[in-house]
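The same subunit A turns up in both complexes below, where it pairs with subunit B and then with subunit C.
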Partner chain A sequence: MVATPNGFNLDNSGRRIVVDPVTRIEGHMRCEVNVDDQGIIRNAVSTGTMWRGLEVILKGRDPRDAWAFTERICGVCTGTHALTSVRAVEDALGISIPDNANSIRNMMQLNLQIHDHVVHFYHLHALDWVNPVNALRADPKATSELQQKVSPSHPLSSPGYFRDVQNRLKKFVESGQLGLFKNGYWDNPAYLLPPEADLMATTHYLEALDLQKEIVKVHTIFGGKNPHPNWLVGGVPCPINIDGVGAVGAINMERLNLVSSIIDQCIQFTNNVYLPDVVAIGGFYRNWLYGGGLSSKSVMAYGDIPEHPNDFSPGQLHLPRGAIINGNLEEVHDVDPRDPEQVQEFVDHSWYAYGEPGRGLHPWDGVTEPRYELGPNAKGTRTNILELDEAAKYSWIKAPRWKGHAMEVGPLARYIVGYAKGHEDIKNQVEGLLRTMTLPVSALFSTLGRTAARALEAEYCCRLQKHFFDKLITNVKNGDSSTANVEKWEPRTWPKEAKGVGMTEAPRGALGHWIRIKDGRIENYQCVVPTTWNGSPRDAAGNIGAFEASLLDTKMERPEEPVEILRTLHSFDPCLACSTHVLSPDGQELTTVKVR
Partner chain B sequence: MPASSPARVLILGIGNVLWADEGFGPRCIEILAESHAFPAQVKLLDGGTQGLYLLPFLEEADALLVFDAVDYGLLPGTLMVARDEEVPAFMGAKKMSLHQTGFQDVLATAQLLGRCPARLTLIGCQPEELEDYGGSLRPVVAAQIAPAIGLALAELAHWGVMPLPGQSPAEGLADPSLRRDAYETGRPGPDEACRTGDARFFPEPC
Partner chain C sequence: MPQIETFYDVMRRQGITRRSFMKYCSLTAAALGLGPSFVPKIAHAMETKPRTPVIWVHGLECTCCSESFIRAAHPLAKDVVLSMISLDYDDTLMAAAGHQAEAALMDTIEKYKGNYILAVEGNPPLNEDGMYCIIGGKPFVEQLKMAAEHAKAIISWGACASYGCVQAAAPNPTRATPVHKVILDKPIIKVPGCPPIAEVMTGVITYMLTFDRLPELDRQGRPAMFYSQRIHDKCYRRPHFDAGQFVEAWDDDYAKKGYCLYKMGCKGPTTYNACSTVRWNEGVSFPIQSGHGCIGCSEDGFWDQGSFYDRLTKIKQFGVEANADTIGLTAVGALGAGVAAHIAATALKSAQKKSQAANAAKTDEKTEA
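For the complex of A and B:
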């Protein structure tokens, strides 16, 4: 038994379970745990199995193009990476953006937040709680009654509606296309919903698909195209011509009306479907309060959604900034990404080299030099690892630390920081939810707390989106149609050397890009992404990261079926960005679960 | 094959341009758009690795033609064409994107919604190298772009779609900084920037 400095006990003497890869996430991840003879997880090892050298491939490129590359890192946070990138370049070169650009960027970022949260809940995470196969046994009439009880305002609730969906689902499953729902552990006792709740949630899975294709249109309108919308250092690439009719590319009233109607659809879906589902499903699992991990100890958010352009001071951010350490909610520290002593990355347990052990580097001075080596207690070979040795290097993820502390980031971290700071909207939402569910504040620090925070945040983001829409309209009506500042577009106007940092709150947490520019070209570029924080391996002092901490003490119903591991890891919405998708003719997902 | 020509056609390239031969699909779209002008009912799209987010585009198509790097276990550069019900089986789920929603799942979702394009054709190319982050197409795969486009044009002709020489709108394409020439000329050499990836987990010291 080992006690970590950040307050966890690790015991690797029990049976080892290896899950590789962890499915329904972006990128490649492996997880190993030890369980005791009661099936309780006593040690956890999370590994990014993916080399991602984005930093080095940006060397020598034009900084104004960096957003286009970072947009391709992954298939989900495209816009967030692009926004972070243009902010980093603007920070380095001292470029300020106009008010309209701030409103439009905020709307795109909020839109992505809402989109990602909805897709995550219904299409990636729901299957950890909802059993679509069980939905075939539901009584449509009882489902209709349940729907009307949990969400009286939702118009789609008749018995006939649920019967139709059930028939479609039945046809789909009977045609042997379990496709979407394959690889589930559908007879595992960890699933607790009655068939009616399963049918209701599966039906909303389909409704969410319809919504998500509307949501993305906001990116097409403001970014000129989708997928892969355009971004611009100095503002946004779309001109505003409010009275224009069908002008190519320009934003006119017709397009703004479409944005407004999409915002309304998001508000309705979140209020009538998403939040009620989280309350209803959460109610059945109210005693499954595993998975809190680091969230009750150390959390961090950079903050985002500035009310005014170019002002990132904490009081001006709608999504809060701050750090909480050792569970002390009375004190919220400010976070300064420029301070060389605050954010540092360590590689003692990562497959990189810095030269000396125990050394942390600030991202401006970051080095991405691979060193792949296995520890003496690893089992297997270099290319076929049966079991990792976590006492040595064991992950492609670096270990970022804030003033030496391992931190959890993401919607729950943002909400804990907001709650602790007394952020009015966040506090009201959190207290309202806990009251509705008759749960104590401590219930927040859990897997379900993470899932609930994401739903609350989606609702808050809908309201913020409306706020910035109104702000844009008012501003334009007052005669300001400026969307970009191109004063410093030409490299000859830049200093010979410059460095900057861009920060955002990506759907899955605090995201930072640090850039150094020399002679008009990128000299160094480092991304510290949310999953680097959450998926971090151990550091030299032995602190474990958020994924590892969250798995400890969880009871597994059947160790060979890692439902509980997936449930908790998915609650972080992990993104080990890589996005390869080469297809194989066997068409089979290759997850293996080995109990050793 | 029905005799009538489809009302709306989507020509889609999928894959990640940052991953060597993974970029095959988007590069085919790029070349096709630079050399052919299509009638208005045909949309060309670099779908990147957008997975489920591509669903709206599928729903708006009656026929879908996809370019992709597909691992058939054949010789690198081998082209293969699959049609209709053969397609999903070839678009497996070995490595994928959007939280591992493979394109197979996107097709299945479209079917579940009852909005899958009536005609499907996949033009796949066996990749040689994928584990090269920041790399570009290997010569053997790059050489298959023109033949793959030839196969696509024949398929489209069969569907009654006849493009003219010219160009298609850039709307569905990658940003100019990511087009193949700019991308290749701007990348640092392997000695400056390690690019090899993980074949569980790192095959050779780099």
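For the complex of A and C:
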């Protein structure tokens, strides 16, 4: 048994369970746990199993292009890296964006939060709580009654509607081709919903699949496409022309009406379906409060959604900024991404080398050299890993720390920070939910709390999206149609050397890009992303990261079926392509290995 | 092989009438650009064909292709997954994980040898013994080769699988390698784009299900029906290009009027894709319509063709006759001769108009002096 400095006990003496691939996430991930005789997880090892090297690719390129490269870090949280990138470049070069650009960017970022949270809950996470096969046993009439009870305003609630869905599901299952549901854990006792709730939630899986393609049209209008809309250093690329010559080819009344109708659809779905589902499903799992991990100790948020353009001071951000350490909600620390002592990355247990052990580097000075090697106690071979050795290097994810602390980031972290700071909207939402569910504040620090915070945040983001739509209209009404500042578009207007930082709150948590520009080109580019925080391996001191901490002490009904592991890992909405793109431009030339 | 429902069976069992089914076939024919005579053929195919198993694997990628796929409006993604194909392995969406996921993969390969479609999103990195992308403790390239061996055909989704995309941009640190350079003995359909348009993705799949053959491919292996024309050929702003009317700076009066984005670096003239016709997200818009130039994301190596804001040609006085030849000569290397000639010819035409472009050229000279 080992006690970690951040307050967890690890015991790797029990049976080792390996889950690889961890599915229903973005990217590639592996998880190993040790369970004791009672099936309780006593040790957890999480591993990022992909690496793409985007930062070395960025070296020497035009900083105005960086948004497009970094956007391709992730197609799920599409756009958030691009926004972070243009902010970093604007910060470095001292570029101010117009008010309309701030409103449009915020709408796009909020739209992503809503879309991502909905798709995460229904298409990546729901099957950890919901059993679609069990839905076949439901009484459609009772399902209809349940639906009307949990959400009286949702129009799709008749017995016939649920019977149709159930019939479709039945034929699907009877065909013998279970597709995506094949080999699921459908007779595992970890599933607790009655058949009617399973049928209701499975129906909403399909409704959400139809709806999500509507949500993203806000990106399409302002950015031309989704996934991967277009962005612009200095503002947004879409011009506004409400009633002049050629208005039909720009952001005009028709486009704005479409945005407005989508905003309303988002509000309706979140209020009538998403939030009520989380409350209903959560009610059946109210005693399953595993998975808190780091959330009751150390959480962090950079904050986002500035009310005014170019003002990132904490009081002006709708999503809160701050850090809480060792569970002290009385004190919320400010976070300064420029301070070399605050955000640092370590690689002692990552497949990189810094030259000296225990060294942490601020992203502006990041050095990375990939070094793939397995520890002496790993089982298997270099290209056929059976078990990892967590005492050595074991992940493509680095270990970022805030003043030496492993931190959890994401919707729950944002909501804990907001709650602790007395953020009015967040406090009201949290207290309302806890009251509805008759749960204490401590219930927040759990897998369920993470899932609930995401739903609350989606609802809050819907309201904010409307706020910025109204703001845009007001501003245009007052005669301002500007969307881009081109004063410093040309590289010859730039200083010879500059450095900047961009921060956002991605759906999965705090996201930062650090850039150095020299002679009009990118000299150094570093991203520290949410899943790097949450999925981080151990550091030299032995602190474990949020994924690993969250799995400890969880009881598995059947250790060979990883339902509980998936449930808790998914509550973070892991994004592995994001977390493992990292390589510093200062990195050594990589060794080429023979073609297989 | 077990008893598998046909497409038609599935639709009927879901309560879809014969009449609606035939209507669906007509719409499918129309969507694929086929005449009414094809409707009975489509109907027949759907009445007799079983749901085809699809294995969807993921290498180095960002999952934008999967995200695009679920945006499909016709047919809806849920109908594709529930009624048209049997998506037996897809690590982004499947319920099972770990051993159970691997078992689902092996089971499908075994049961449907030679009869399943392999869809590949992303690509295998070959450096570091392939361990820059690990699935089940092994290099992704091994899973790819194993799944490819018994596949009927392979779909390379997106720029990653087709060409390498962003992780293969210089200096390609992981040696990310497109699928066709690793799998040499299977028919491969490239569906490039970062990501491809949703309805192009479902269009390719439904074509294969409907006609039980690969779509006609161009020399690069792309379906000709979607990739045979340039964005520029069908761009609604094309008349402004021909008239020499260009956006000169972001958010200027010309941008507000929807003039051509060529001078802002638009890669529409060298990019083969369906964006300006099919458009994105149910036809709502496409990059040029929303004010940003095309970045050429469906072209091989588009990351390494200079800045997205560089003009395709370096000429300073675009639209002036004396320099029209230069346009042809300096057009980007990837450009076909025909394309270059086209730009030159159009430039000649617009030169005669001597409109805004000439003035713009002067401004250009001033700012670059």
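General remarks:
Operating definition for what follows: the second predicted complex is superposed on the first by the 568 of 596 C-alpha atoms of A that agree within 3 Å, B and C clash if a C-alpha of one lies under 4 Å from a C-alpha of the other, contacts with A are read in each partner's own complex, and residues count from 1 in each chain.
In this text, a residue touches a chain if its C-beta (ideal position, glycine included) is under 8 Å from a C-beta of that chain, and two chains touch if they have at least 3 such contacts.
As the structure is a computational prediction, the values presented were derived from the model and not from experiment.
In the model built by aligning both structures on subunit A, subunit B clashes with subunit C. Judged by the number of subunit A residues each one touches, C leads among subunit B and subunit C. Contact with both subunit B and subunit C is seen for A:Thr383 once the two complexes are overlaid on the shared chain. Within the superposed three-chain model, A:Gly244 lies in touch with subunit C and out of touch with subunit B [touch as defined at top]. Of the two partner chains placed by superposition, only subunit B is touched by A:Glu369; subunit C is not. Within the superposed three-chain model, A:Gly223 lies in touch with subunit C and out of touch with subunit B [touch as defined at top]. When both complexes are overlaid on chain A, the residue A:Gly235 reaches subunit C alone and has no touch with subunit B. In the superposition on chain A, A:Gly184 makes contact with subunit C only, not with subunit B. Look at A:Thr483: by the touch rule set out above, it reaches subunit C but stays clear of subunit B. By the document's definition of touching, neither partner reaches A:Gly418: not subunit B, not subunit C. Clashing C-alpha atoms between subunit C and subunit B turn up only in stretch 112-120, chosen from 94-102, 112-120, 238-246 or 310-318, once the structures are aligned on chain A.
The interface of subunit A with subunit B overlaps its interface with subunit C at residues 23-26, 28, 49-54, 56-57, 61-62, 65, 68-69, 72-76, 78, 119, 123-124, 168, 172, 177, 179-180, 206, 209-210, 212-213, 216, 224-225, 227-228, 230, 370, 372, 382-385, 396, 583, 590.
Listing the residues of subunit B that touch subunit A in their complex gives 14-19, 22, 46-56, 59, 68-73, 88-105, 108-109, 111-114, 124, 127, 130-131, 133-134, 171-172, 174-175, 177-178, 186-188, 192-203, 205-206. Those residues of subunit C whose C-beta lies close enough to touch subunit A in the complex are 2-5, 10, 13-15, 51, 53, 58, 60-68, 70-73, 76-78, 81-82, 85-88, 90-101, 103-104, 107, 125-141, 165-167, 169-176, 194-195, 198, 236-237, 249-251, 255-259, 275, 280-282, 284-292, 295, 297, 303, 307-309, 367. Interface of subunit A with subunit B (complex): residues 23-26, 28, 49-54, 56-57, 59-62, 65, 68-69, 71-76, 78, 119-120, 123-124, 168-169, 172, 177, 179-180, 206, 209-210, 212-213, 216, 224-225, 227-228, 230, 351, 369-370, 372, 382-385, 396, 575, 578-590. By the touch criterion given at the top, residues 18-28, 30, 49-54, 56-57, 61-62, 64-65, 68-69, 72-76, 78, 119, 123-124, 127, 164, 167-168, 171-172, 175-177, 179-185, 206, 209-210, 212-213, 216-217, 219-230, 232, 234-241, 244-250, 258, 370, 372, 380, 382-386, 396, 481-484, 486, 489-490, 560-562, 566, 577, 583, 590-593, 595-596 of subunit A touch subunit C in their complex.
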